[in-house]
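Chains here go by letter, A, B, C and D, matching the order in which they are written, and residues are numbered from 1 within each.
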Amino acid sequence: MAGSGFFRFSSPASFYPLAGRLVPVFGWLAAALTVAGLYIGFAVAPTDFQQGEAYRIIFIHVPAAWMAMFTYLVIAGWSAASFVWNTRLSAMMAQALAPTGAMFAFISLWSGAFWGRPTWGTYWVWDARLTSTLILLFLYIGLMALRATIEDPRRADRACAVLALVGSVNVPIIYFSVQWWNTLHQGASVSLTAAPKMAETMLAGMLVMGLAAWAYTIAAALHRVRSIILEREAHARWTRELVR
Amino acid sequence: MIEWLSMGGYAYYVWMSYGALAIAIVAELFALAGRRRRALEQLAEHAQEDAFEEQAA
Amino acid sequence: MSDADVADRLEVEDLACAAGIRTLFQGIGFSLGPGQWIQLGGPNGCGKSTLLRALAGLVRPLAGSIRWRGEPVSQARERWHAAIAFQGHLPGCKDTLGAAENLRWQLLLDGEPAGPARLGELLAQVGLERQARLAYQRLSAGQRRRLGLARLVASRRPLWLLDEPTTALDAAGQALFGEILDRHLGDGGLAICATHLELPVRSPAIRLELGGRPRA
Amino acid sequence: MNAGAAIAWGLRRDLALAMRSRAEVAIVLAFFLLVTSMFPLGLEPDPALLSKIAPGIAWVAALLASLLGLPRLFAGDHADGSLEQLALADAPLPALVAGKVLAHWVATGLPLVLLAPLAGIQFGLEPAAIGILVATLALGTPVLAWLGAIGAALTLGTRGGAALLALLVLPLAVPVLVFGAGAVESSRAGLGAQAHLSLLGAGAILSMVFGPFVTALAVRISFE
């Protein structure tokens, strides 16, 4: 399938070297953005009037939550693409993104807990955002578990694609239902991002860290997809050349 | 420096969060490297198997 | 295009299938017309069952085309399914239901008449008249195969895809299978049988050994 | 076979099979009542507390009970090859699947709806609230059946078993749980259950429109 233009890279054989060149680019970009983000977060942004230094946790909590949510949608997008164009690479990308997305969901929950303790006095509150992130983490775990229990990789691709698409339709509904449930039971609770006045530096720090998370996710997914390609194409001639 | 590390009394919470992120990322980097190493090993094994089969044929 | 204009013909070109990450077979091609049948051979694990499942449409092939009456089967799935009777190595029968009851649900699914008289007649033809009410799990392996034959006797589908149709059948049962298949072929039917046994069928088979080329 | 005949075939066949294994169906119902009976024992028999948590407990028990029955839906047919014959039938697979899921709901979902008042009485719910609980279960159990059917079809022949099925289905069922249990509470708080019931109804319609196609796709994938 040696097509031209964009679809040329939908073949694993031609994507493998391209991904290899992109991994260090995004990796270093992620490192540079992280340094910049941490500098803003710890050195530039002033101490919060109400929360003291504890609020600095949001520089990882919020970007991690964004990234977890967004990565799931990207997985759903690749899954849809794998159905529409029947491209193997799309399914491999979906597979490669899942562990990193799950990692960010976990970090979001963990840092949320350690932000909640000094702020709300408890590690866990059934806040709408935290609860939906918890369910999102379960969706990720389900996706990876389904992948792990299916022997045949092509079957696993398609089964996981169906699950990811059903899940992505459900994510907004889950979020909406949890939000509703939350307001019914506790009234409006303090939300992490709805701090009274979000200072501009705070927003800037969060955005830079968000971009760092983006670059990191891309780099990690590309690196992982290279391994997946090698696993899947172990019998193809071109992978043989790599070990000769 | 010590004062900065103490995070105005919130050191435990702040560093538990950032520490977890650091550990998670390092763990993922190790997992990525391990997966690539295993993929290459598997590739070498398959190549050897096929070489045997070719010789046998 | 009316049905009469196009002959029943199965054309397979350059078919390839995989198991896991390994390619099982590739470059399989043949053409099968009315009254012809293929005896599909090859060692265990060479992909005989997978080939049948790919033809039926259960497994997606890696490459290649399958055309029925000139039309790619993937584009007309229901018409294709209306043309085939597939019997894999799994019986498709429920343990708790009786022989006649199992046959009845299968015939209804196939769109064949399935009244009590018809069921009795079919079971008698395969020598199961006395087992009609016996639960499927109490039938012997050979009797189960015979129940599968009853479905074929009733079937008006032109193409039969059969996976090891005679295993566990006694000599009389194998002869019965041969008769049934010969009658089907005589009526202008087509069949592909994956088997490692010699089948007592009078019509000459096209032999297809997986990994090899078809010989007449 | 057209779609209507296919639905009827799946429904009648699976009901006939369910009649043969009534015991397995009864176990699901016993499980539901058992779970709801455990909560007062684990907490305290304080009527105020019990009637407050009743809707949530009835719904969680219904969720678990419907999970318990799910492996019956496709796994047996997959193991004995009948599912292959369904997939190869000259009938739309979504319709055949719809018939099967409908039969599954009649065998395991509908009895839960009918048993719910019993759980309501156990927990001292007032009659109006019991009525709403029954209505939410009637609208919600079809959604659970379809979500479960998708999960059951996706996990066919995998090594994950019932635990994997629960892992896949429960997170997706969160909205049903929230709106189902929320309806009863909202009506007891005097806010009315109209909105919750409409949302559950919308969910039921959506799941019935898309469920058959997604499930049929998952069934086809299970053969690859």
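Following the convention adopted for this analysis, a contact is a pair of C-beta atoms (placed from the backbone, for glycine too) under 8 Å apart; a residue touches a chain by one contact, two chains touch by 3 or more.
Not measured: the values here are computed from a predicted model.
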Most remote chain, CA-based centroid, reference being chain D: B
Pair exhibiting more inter-chain C-beta contacts, A-C or A-B: A-B
Chain A and chain C: spacing of chain centres that average the CA atoms, whole Å: 48
Centroid spacing, where centroids are CA-atom means, of chain A and chain B in whole angstrom: 17
Averaged-CA centre spacing for the pair chain D and chain B, given as whole angstrom: 41
Whole-Å gap between the CA centroids of chain C and chain D: 37
Where chain C touches two or more other chains, by residue: 60
Set of chain B residues in contact with two or more other chains: none
Touching two or more other chains - residue numbers and ranges from chain A: 152, 154, 231, 234-235
Chain A to chain B touching residues, read off their complex: 42, 47, 52-54, 56-57, 60-61, 64, 99-100, 103, 106-107, 110-111, 114-115, 117-118, 216, 220, 223-224, 226-228, 230-231, 234-235, 239-240, 242-244
Complex contact set, residues of chain A against chain C: 151-154, 231-235
List of chain B residues in touch with chain A within their complex: 4, 7-10, 13-14, 16-18, 20-21, 24-25, 28, 31-32, 35-36, 38-40, 42-44, 46-47, 50
List of chain C residues in touch with chain D within their complex: 53, 56-60, 78, 81-82, 84, 86, 88-97, 101, 105-106, 108-111
For the chain D and chain C complex, residues of the former touching the latter: 1, 9, 13, 16-17, 20-21, 76, 79-82, 84-92, 220, 223-224
